[in-house]
C-alpha cells in the first residue's frame, strides 16, 4: 500500500498479528477457577514496562480499585491507553506509573475540571506521547481484536492529531478515497470492571459498553474486577448476555464498589464530593501526598479506601443517587 | 421582557438550530442544555446521542459525564462508542457541538496544547471524540465566548478539523464529503462560513453588540453579511423551560 | 495502496461510503410508529433489482416469513447475500427472486442435504456469482456498518475463493504482510427476525447474533420481523439489551413463528419433518409447484402457512422440542 | 473385543487428537461427535466452538445445524460469527475439522464445484466458514472416506487452503504463520504432512488395511513412514460412550 502521509507519533505496541497469535496460542483455554485477590492479580499480570489498558469511560464503570493496587505495588514505566482517561489517569499520574501514553482524552475530568497532577506529569517531559482520537483508539483495539494489523477509518485526516499520531494515510483500492489507517493496539494487560462474572471469567455488565469489548479482546492478559461473583449456572442460563468469554480472561477479582468514586450503572452514582476532594488536594503537593497516603498507600486494600470514605452508608447514598430516590426516611445512615 | 444572561442567550440560540427529527451528538454542559431545551420546545423528536454509547435517553437531569448513567436513562439503547461513532461515520448524525481552547477562521479547533506542542505552556485533554464527531457529523457547531485569545489567527495545534485551510482543502483531505463547520455561536454574535472561501462570517449580532465589538474580540479578520440582523433574544417561554426544567440546579446557566 | 492481486468476481454493491452517507443523511430519524403488515413492508421496501440481505444462520432465527412474502409479491432480479443461506435461499430460488449472489454458503441445508431447486438454479447460468467466505461477508457488512469502503482480513488468501471474489490483496503499511481487502457491502434492504421489538424499531433477540448486527447496520433499509411487539417502556427499562437501535429501522412487523420451520432460540425448534418435506418435494418439479402453491402462493399470509402445517398445536410441540421437554401429558395436542 | 464400524473408528481416532484444554471449531456430524467423545473421555476441558457464535456449550445432543439452539445450550457465551472468527484470527483456536468433495496432496479442499467452475457439473455450497477456519485455526484436520474421487491429483476448485502448493507456498501466501493441515483421518489410514514438501504422508494404517489399499484409493502418490503402525482400534469404553452418550440416535455412526 502506498503511503501518502505518515504521522510522526510513536507506536507503543507491536501491530504484528502473528506475534499476538504466537502469544495467544500458548494461553491456557482451560475453564478453571480464576478467582484471586486483586493484589495477587496485579502482582501476577502487571509487569513493569507493560502496556496497560483500563476499561470504562472517564469515571464510569472504571476499574478504580485496579489503579489503586497498581500504585500500591509501585508498578513503573507502563504504557497507557488514554481513551477518555480521567480519574484512572489521575491516579496513575499520582504514582507516575506510566512513562508513555496514547492520548485521546487525558488530564481532564470532563466538566469537573483539569487534574493538576496529570497535567504537570504530562508537561514534565517524562512521558512520551502519541496523539489519537477516542474512536481511533477503539478502532486500534478492534484491529487487534480482529487479528489484523490495522483498520481504516475516516477521521483524523487533515489535522495535527493525525500528524502527531502513528497513523498513515493511503488510498482505498476500491474507491480511490484517502483513508487513515491505524495500527492494531494490543495491551499487555487490561482491567475491565463489570457487574457479574463467574469464576472462570465469563463476564457481563449493564449500561454502555464504551470500548471495553474491543479492549478485552485486544489484550494479551485480561483481569476482570466485578461487583459480585455469580455461579456459572447463572451465566449459562442466559449465555447471550455474556459479553466477555472466559477464555480471554486471566483473573477474576471480586471487588464490591470497585468503580468508586465513579459511577457503576444500576449500582451507584459517582461521588462528586470525593472527586472534588481529589481535584482540590492535587493543587497542594504536600496535602496531596498525605491524601494519597490516607487513601491509597496506607490502605491494605480497596475495601479500606471505601471504609475511609463513608463505607456502606455512603454507598447506600450513592445508590439512591443512581436511582434518583430522593426523600423518604428508610435509610438509617442518611 | 425577562432579563437573561449571555449563557442563556447562547443556549437558546443553539437550541433553535436543532430542527425536529434531527440527530445530535453532544457532550455535557451548554450543548447538552441546548439539546434538552430544543427537545422541550421546537424539537420533541430530537435524538440525542452521547459518544460513550447512550442513544436517545429521556434525560432526567444534566449528565455530569458523557458516559454517566443519565446518558442512557430510559434510552432506546445503551450501546458502545463503536455504535455511536460508526453511526456518525455512516452519516446518521446531523449535528454536533464542540468546543476548544482556540478556534481559527476556518472553524478548526485546538484542544491539545497551548504553546509549542513539544513543550506546551498548558497540556489540554486532546481530541477525545471531538475530531471524530467533527469529521463525521454533517454540521458541526461551536458555542464559545467571543474572546481574542480563543479566536486566533493561528492555532497552536489543529486538533479537530473545521474547513482546514478553507476553499476545497477539506474536500481534498479524505474526510467524508459535504460535512463541516456550520455555525459558531458566541455571546456576541452568530457566525457561519462563507461558502467558497469557508471563512468565518458574522450573520447576526446578539442584542447590544456591534460588529466592531465582535471584530475587536476576534484575533482574525471576520467576514460579515452586509446587513446584520439582531439575533432574536430568548423568549419568556424558552427561559422558563431552560431554568425550570433543563437546568434547575443552574449548573450551566449560573445563578 | 498497491494492489498485489485482484479477484475477478463481480462486486454487486457500491462500496463508496460517501454515497451511503448521502442516503443515510436523508433517512428519517424520527421515533415514530413503524409497525405495519409484512406484506406492506415488502411492498414498500423491496424493489425489483434491489440487493437483499436475510438475517440469521441457515434455518436459525431466519426471517422465513419475509422470504415467503417476497415470493408472493413476485419480486425479481434481486441481489442476495448468501452467507449460510439455506432454507431462505431454497425459498428465494423457488421463486427465482434473485439473479446475482454473493456466495459464502449456498444450496445446502447443512447436514440435511442439498436443495435441488437452489442447485439447479445456480447451475442454470441465470445467476451471476461472486465467491466469498462466511466471515468475509460478515467483514464486508461490518465495513459498511463502520462507514469505510473496505476492511482487511487474513483468510481467503492463496485460494480460488479469493480469485473468484471481488477482494484484492495488498501489503499492510505497518507490517509489510499481505492482507485480503474486502469491499463494503450495503444491502438495499434487509430483514432480521428477533424476539422482541417496540413500535419504533428498537429490537433485541436471544441466542447467537450470527452477523445480524453487521447486516442491520450496513443496510440502507431494514425491516424487523418479531415474535412479539413490546412497549417502548419494556425496552427502555434495559437499554443495554437493545441490539438494534430504532433509527436504522424502517418497518416493524409482528410475525409470530416467523422463523418457522427453522429454530427460534428459547421459542421453538426447527420442524425437521417439514424441512425434509421441502427437500423431497423439490425433486419432482410438478409436486414442488403444488407444494409451493399450497404453502406460499396460495396463502394470504404467513399465518395461513403455519395453520396449514400444524398451527398452534405443532408450535407447542416444537416449543417442547426446543426446551427438550419429553414425556408428561400436559399438552392436549400431542 | 466389540466390533465397530469404520465411522466409529474414524470418530474415535479423531477424538484422540484433541488433547485436554484445547479449543476446537467444529461443524455438525462426525467432527462434532469426535469433539463430544473427546470431552467425555480424555479431554473434559475441551472447548467446543461453533462458527455461528456458540462458545463452550454443554451439548445435550448432536446439533442439527451449526447455529441451532444446542450449539449454545448452557454455553459460556452465545456470541456472533465475529466473536468466533475473530477469536480464531487472534490464534485462540487450536483445531478445526473440515470436509470437502475433493482433497489434494497438500490438504487443500474443494467444496465449491465439481467440473469447470463456470459450468459446473455440480454446484456445491462453497466455502461457508471453512476457508476462514482453515486459515486461522492452528491445526486443520479432515475426516473423510478414502476414495479416489475424493483424493484427487488436481482439485476442480481450491476453496479452502491446505498447504497450497506445498513447500513454503503457504508461508508466502499472507495467511497467518504456522497454521495449516495437521491430520487426515480416513476409514483406512491416518495421514499427516511431510514437514518440508508438505505432501500428504501415511503415518498409520487402520486395522485390516494395507498401504497399497490406501494408495489404490487415492488419486495421487502418497508419501509414507517407513514403518507403519496400526491405528489403535476403539476401546470398549470409547465405543460405549460414543454409542450411548454421544450419538444414541445413531445419526452419525449409523445402526
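Going in written order, the chains are labelled A, B, C and D, and every chain counts its residues from 1.
To be clear about the criterion, a contact is a pair of C-beta atoms (placed from the backbone, for glycine too) under 8 Å apart; a residue touches a chain by one contact, two chains touch by 3 or more.
All values reported here derive from a predicted model rather than from experimental measurement.
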Chain separated most widely from chain D, comparing mean CA positions: B
Distance between the centres, which are taken as Cα means, of chain B and chain A, whole angstrom: 28
Chain A and chain C, separation of their C-alpha mean positions in angstrom: 37
Chain B-chain D separation of Cα centroids, rounded to whole Å: 58
Overlap residues in chain B, where contacts from two or more other chains coincide: 72, 78-79, 82-83, 89, 136, 176
Junction residues of chain C, two or more chains touched: 17-18, 146-148, 153-154, 177, 179, 206-209, 240, 265
Chain contact graph, described as a line, ring, star, complete graph or other shape: other
Chain C residues within the chain A interface of the complex: 1-3, 11, 15-18, 146-154, 168, 170-175, 177, 179, 181, 183-184, 205-209, 238, 240-241, 265
Touching residues on chain B, where the partner in the complex is chain A: 27-29, 51-54, 60-61, 64-69, 71-72, 78-83, 85, 89, 108, 112, 117, 119-120, 122-132, 134-136, 157-161, 164, 169-170, 173-176
Interfacial residue positions of chain A with respect to chain B in the complex: 56-61, 82, 84, 86, 103-108, 110-112, 114, 119, 122-123, 125, 131-136, 138, 142, 153-161, 164, 169, 177-180, 206-214, 263, 265-266, 269-270, 272, 322, 324
Chain A residues within the chain D interface of the complex: 17-18, 20-25, 27-32, 144-148, 200, 202, 217, 235-237, 239-240, 242, 245-248
Chain B residues touching chain C - in the complex, by the definition given at the top: 20-23, 45, 47, 55-58, 72, 74-79, 82-83, 86-92, 94, 136, 138, 176-178
